[in-house]
Amino acid sequence: MRITRRKTFNAGHRLYRPEWDDEKNLEVFGSCSNPNWHGHNYTLFVTVEGPVDPHTGFVMNLKSLSRLIDSFVISKLDHRNINLEVGFMKGKIASTENLAVGIWEQLEKPVREHGARLYCVKLWETENHYVEYFGDKKS
Amino acid sequence: MRITRRKTFNAGHRLYRPEWDDEKNLEVFGSCSNPNWHGHNYTLFVTVEGPVDPHTGFVMNLKSLSRLIDSFVISKLDHRNINLEVGFMKGKIASTENLAVGIWEQLEKPVREHGARLYCVKLWETENHYVEYFGDKKS
Amino acid sequence: MRITRRKTFNAGHRLYRPEWDDEKNLEVFGSCSNPNWHGHNYTLFVTVEGPVDPHTGFVMNLKSLSRLIDSFVISKLDHRNINLEVGFMKGKIASTENLAVGIWEQLEKPVREHGARLYCVKLWETENHYVEYFGDKKS
Amino acid sequence: MRITRRKTFNAGHRLYRPEWDDEKNLEVFGSCSNPNWHGHNYTLFVTVEGPVDPHTGFVMNLKSLSRLIDSFVISKLDHRNINLEVGFMKGKIASTENLAVGIWEQLEKPVREHGARLYCVKLWETENHYVEYFGDKKS
Amino acid sequence: MRITRRKTFNAGHRLYRPEWDDEKNLEVFGSCSNPNWHGHNYTLFVTVEGPVDPHTGFVMNLKSLSRLIDSFVISKLDHRNINLEVGFMKGKIASTENLAVGIWEQLEKPVREHGARLYCVKLWETENHYVEYFGDKKS
Amino acid sequence: MRITRRKTFNAGHRLYRPEWDDEKNLEVFGSCSNPNWHGHNYTLFVTVEGPVDPHTGFVMNLKSLSRLIDSFVISKLDHRNINLEVGFMKGKIASTENLAVGIWEQLEKPVREHGARLYCVKLWETENHYVEYFGDKKS
């Protein structure tokens, strides 16, 4: 059984490698490398799995899952500059892929401590694309 | 190859254990345990799988799948009180998880008799969360 | 200039007139008159209008509008039984139309006190229908 | 008869008044005044009105309307910093309201030159709010 | 008070004037004039207005409105070729604008006979554009 | 890690077997076998998988993936008659299932040549159903 909680946040970012000049960054990342930043409304789906607790009918209490995502992920990302202000993204390219891995790493342990297993982090950057990360074992 | 049919229904329910008092139910289930009931617009996605029939180009005739879901699921749930009026939920906590298992049990055999395999029951209770059940083999 | 805030809530209700018997209620209201209640995920759009404040670039601060809707509407409706537990709906049929009028009456004065005019209350009961109420002047 | 074209773009911005210090900006604009910028996926609906041309069945050729929005609006905003890089927003607070007025001013004349009248600019900043601007005559 | 019912249908069509040759049609209508037809999933919103009936809490019974749209519109359009098989579109260009006018003309009288006034026919042809028709008085 | 790109196109089609007469086709395929054609707005989700390139933070450059889908799929299907004008569907029933297999076969090799693996082709024909194809290995 899997249960999924949706969350939204918005943030600013820029795709670039600091060791490349602007021309090279523009060639690889296009307008996403704009040095003046741009941003997105991200939509995040966090899926956890586990057996159904016969006492509650729940895999995991949804309010707990919601609070956990707010505390470990949304509070660190919402209305932030991903390149400059998000500790777990320091030194990484602010791609949707890397952001999904970072979110996984924030959530894996707290979800486990609540008795469930993190199964998937799915992250939409625009209405036209999303990434899905299932952790190291399956990547 | 998998094919999925979307359906909607609305229903009333309450999350609670009869052997707990209101205070304990409130503590575990929050406002979802309101003794005066509340309800939801549920969105259901039923996924079946199988080979493509070369005569029709279909895994399963969608009109048949639609009728089957209406007959075995929607007619029993739509505009109903899940705790009081739905036979397959009697004695169970009316959580989204348990409801998905109940829907699976209604559909598994009829889908098989139409030559396909039920793969997944995905059930949204609000726009912010859903559960997925894949049957006993994979849970 | 108009600005609109979206909110969601879920609630239980039943369409019926207490002076009619169940048969008559069933004839007029169909399955919506189920004596055991059912419910919906409602989506509410509140639109206010006014000039843009040159100091802020706002018609009205969205966080204020959001708090005002939470305080005067959502806190009274969310996870509630509309027929039994919502003061401003007492003695009224719990139709989407009457609910929209009731929400308008909760919001009209507080919005005015924040320097804007309430323009429209739009309320979706399911994905297939909604009502719009513009206040007495235009009804 | 009115016809509406949807477009999307994403951009970065910050809500603040340069003559206020960070504390005052934070008090009025909250996390939207983050000096390190954040951003959004904007969804824009441009509505034009006019009679139906009996030769084409069109109020206005949709491909023309689409090209006109791309040329006068999207090319100036997409993947841009609204405060720093968008000519028609220079010196204005980058609120959704002001952005809608700016977009109206870009489109009003070109739409008129194509034989239709601009009726409404509707701009969603997140899934939870949007503004509508109808031009000076109706504001 | 206004109430709106959503409906969907799909249909085939082609934009062209029979007195023009294929080259001229291609120039004006682009790929929409493909002589081999193409089609769309249309989404229709029918809005009616009137006072709230104090006996029912309804502007108009939604089930009646739904049946009326099915009977006068959907049954004539769904899975049809708009140019060849839809009586009320014979001799007209199969544009979204003309289709909205045709739908209005099917619905205006039946809605009036049910005690409400047809206010707007809104028709989406793709997720990127829609038309709105308000009848002759306002066009 | 998986990354998914959404695309839309519209097309006309008809479900039928040429060796069956109209009556038999109507019996099996219902109104979908209308000899005058009908059509849909299709929504396509193409999912590819692979490791994240440490130089770019990408599984695959989304702009490349987008161009590849446009070139190998959308340009062949958009505004086309699937039965008559789409090379890779010649001689096949124009069902959603067969269309998904055809799209997979167009994309499998080009995606591989860009260093990623095609994982899933998901195709919505209406808002109420979709198919998913994972290639021969998993079907």
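Letters A, B, C, D, E and F name the chains as they come in the text, with residue numbers starting at 1 for each one.
Rule of thumb we're sticking to: a contact is a pair of C-beta atoms (placed from the backbone, for glycine too) under 8 Å apart; a residue touches a chain by one contact, two chains touch by 3 or more.
If you're wondering where the values come from, they're calculated on a predicted model, not measured in any experiment.
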item	value
Co-neighbours of subunit E and subunit A - touch as defined	D, F
Residue-number overlap at the subunit D/subunit E interface, same or different (half cut)	different
More contacts between chains, A-D or A-F	A-D
Of all other chains, the one whose Cα centre sits farthest from subunit F	C
Far-end chain from subunit D, centres as C-alpha averages	B
Cα-centroid distance, subunit B relative to subunit D, in whole angstrom	42
Euclidean distance of C-alpha centroids - subunit C vs subunit D, Å	29
Distance between chain centroids, defined by C-alpha means - subunit D, subunit F (Å)	34
Of all residues in subunit E, the ones touching two or more other chains	127
Complete list of chain pairs which touch one another	A-B, A-D, A-F, B-C, B-F, C-D, C-E, D-E, E-F
Partner subunit A, residues of subunit F touching it in the complex	1-7, 47, 51-52, 55-59, 61-63
Touching residues on subunit C, where the partner in the complex is subunit B	8, 10-13, 31-32, 34, 36-41, 78-81, 84-85, 126-127
Of all residues in subunit D, those that touch subunit C in their complex	15, 17, 28-30, 92-98, 100-101, 127-133, 139
